[in-house]
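Pasting the structures here.
Consider the two complexes below, in which chain A is the common component and chain B and chain C are the respective partners.
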Partner chain A sequence: MASQSQAQAQAQMHAQSLMKLDNKTSKRSNMLLEQNVSRPRRDRVGLGAFAFLFAEIIRYSQNRVLGIQDLEAKLNEIGQRVGVRMFELSMWREKTVHREMRVLQTLVFINTVVWRALFDKQADSLERSTENDDEYMITDNEPAVLKYISVPKEMSSFSPGAFISGIVEAIARCCQCPARVTSHVVPADGLPLRTVILLKFDKEVMDREKRLEAGK
Partner chain B sequence: MEKQYKAIGEEAWKNNAEKINAELFIFTYGSLVVQLVKDYENYSAVNKQLDKMGYNIGVRMVDDMMARTSLERCTGFSATAEVIAKVGFKLFLNVIPTVANWSADAKEFSLILDDNPLNDFCELPPKAVADGLRYSNVLCGVIRGALEMMQMQTEVEYVRDVLCGDDVSEIRVKLLRMLDEEVPASDD
Partner chain C sequence: MIHALFIINRSGGLIYSKNFTQQVAQLSSNEALIFAGTFHGIHALASRISPAPKRDSVKDTGIQSIDTKNFRIHCYQTPTGIKFIAVTDLLQTKLSGALNKAYTLYCDYALKNPFYNLEMPIRSEMFDTKLHQLVQSH
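And now, the complex of A and B:
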């Protein structure tokens, strides 16, 4: 009996010391949990702040990779972490009960909801590739995030939009439509930064689409 | 005097600043910090890298700020502090920290960040807190870099951080010396 209460007291003490250790940071967690996220807490920051930060991200990544492909992969990775979080927030805010699973719905979701959440406008166009059924393109004529990034001539194949394609890739995956997403700079008249985000959906996704289509 | 800087900051924010969605910026910064933590596997190295990146940003940012405002040469270090808080922070992050805790010789002050956008959505794991990760350390670098371009050599560091359980976030800025006009050092 005595040993039991002793054990109990010990457990209590242990719990208390854990709480003490945790108390400082848990204040922060509680604050975060109680925060209402259904509406953005703050609206805007300076584009300058983002542009300088993004430039540093590219510079930092560039020092740690060997080629342009690696550099794009690195930016893609950084974008993906943004995409996952943006997806959760958009889902919550849109009050959509179900998550999109069909390819077309997913694309429209990215084209409108996600673009609006990130860039305050819809993407300029959404097209299906004429050559391959599993390829789709989202075009942004003037991506604000790339506005102050100038790519040197010797790196002309580098597309800083890899960051955006990372965001899109993460969101497509969250929608159960995994795809390989790449970005390409396709300048048009007066739109030097026009960027095309190319999504090539995985084979399973296309197979599933066919099954769902047939089952209708 | 103080009022005037506030007005300049507000003016510049309203009329001369291009803006971007705050959450995109916040998430992107978070993603960068995650990347650094993964790459370095050592929190003090991450702090150092963030400071370095901040410095690179600061030396350029100060030009951007000058271009977007009609600021005149600061009359003294206290004016500098006001400009950092009311114009610099306002123009880029749309917040205004409080300038406080001046040292007796007027060469040191603190910026109290009541509201730091970078902290939104952020919670540090206990290990990072214990090892002293300064999540927003980039800000220190930015201030140091910007002041260096204004011929002021400074030491800037976080002394308190809400993410580590402190009640407020406080950045301490210490003026070491005034620099002579010279060619800026290479930044990489």
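And now, the complex of A and C:
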């Protein structure tokens, strides 16, 4: 009998502590969910959680494509859906009155504002291609979204950064500078995931740039 | 000094094996598989024959290390049943810290890698490099 009441008391205590725990977590998750979207510094997502989700996106896409190019195209498309929304959000957060339309301003916008919102840092470099005037490169030495990904040797041409290039492509289009965006893994010393996002702007964009340049 | 590391999955299959020094013989893949299977079996039996009282809180976890004259085999079993086995020299008395770190690497660089299939051999460059760094720093 004594042991029974003891067990009961124990169960009660256990339930109470559970309730306490529950209250605490729900309070915390409420805080997270009810945060204001305008405060970009506070709303961070766990990288681990994102890594699992992203891995599942890649696996899901991989089962529905025929080749590596198809897979990249699919990831690019998913990235574009993110990019369109990301653009809207960063424009609203930046509270600027006008939208960038010149190529260079667009690139700087992507390089700084977008990268800071997505990865909490600026991209590591922004360069113009020496061979073609209409090609620009954004380099990230360690893209956070790819941190845990190792591409197997038989798929060595696959660049998981296609997701990021999709985001960039959508934003460039929203800025009235449509471009063909691809991503390439270019490993450097100690940076196996160094990714270069290559933007090749459409011909009419470059023509417009020239006209604007001449009109100045 | 850690000479070699093995990872055995829940069902006793070898999913990773790597030598870090030249001092240990390179097992053929067949031998390595037999080693993994045998160790898995002995480990399970060892926890069965334990004379410790069978209460959940003090349940014996099986073999933690095997000593020989020249080297020592350490085993760290995760709560989920994956075994990390290290072959070291006799100076290493306790290796659970380092093996726990290897477990962290497994969780990060194998499980979060979209190209890794559960319970299958680990083929991940990132995992290799990080594990190498861990062994070097140890």
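Brief remarks on what is shown
In this section, the second predicted complex is superposed on the first by the 176 of 216 C-alpha atoms of A that agree within 3 Å, B and C clash if a C-alpha of one lies under 4 Å from a C-alpha of the other, contacts with A are read in each partner's own complex, and residues count from 1 in each chain.
Keep this in mind: contacts are C-beta pairs under 8 Å (C-beta built on N, C-alpha and C of every residue); 3 or more make two chains touch, one makes a residue touch a chain.
Just so it is clear, the structure is predicted and the values come from calculations on it, not from any experiment.
Comparing chain C and chain B on the residues of chain A they touch gives the larger count to B. Once the two complexes are laid over each other on the shared chain, residue contacts for A:Ala144 go to chain B alone; chain C is not touched. In the superposition on chain A, A:Met86 makes contact with chain B only, not with chain C.
Judged by the touch definition given at the top, the superposed model places A:Arg44 against chain B, while chain C stays out of reach. Of the two partner chains, chain C is the only one touched by A:Ile58; chain B is not. In the superposition on chain A, contact of A:Pro152 is made with chain C only, not with chain B. In the superposition on chain A, A:Phe119 contacts chain B only, with no contact to chain C.
By the touch criterion stated above, A:Glu77 is placed in contact with chain B alone, chain C being left untouched.
Overlap of the chain B and chain C interfaces on chain A comprises residues 48, 52, 54-56, 59. Across the complex, chain A is touched by residues 13, 17-25, 27-32, 34-35, 39, 49, 53, 56-57, 60-61, 64, 91-94, 117, 120-121, 123-124, 126, 129, 138, 162-165, 188 of chain B. Put simply, chain C touches chain A in their complex at residues 108-109, 112-115, 123-127, 129. Partner chain C is touched in their complex by these residues of chain A: 48, 51-52, 54-56, 58-59, 62, 148-152, 155, 160, 192. Those residues of chain A that touch chain B in the complex are listed here as 21-22, 24-25, 27-29, 32, 40-50, 52-57, 59-60, 63-64, 74, 77-79, 81-82, 85-86, 89, 117-120, 144-145, 147, 163.
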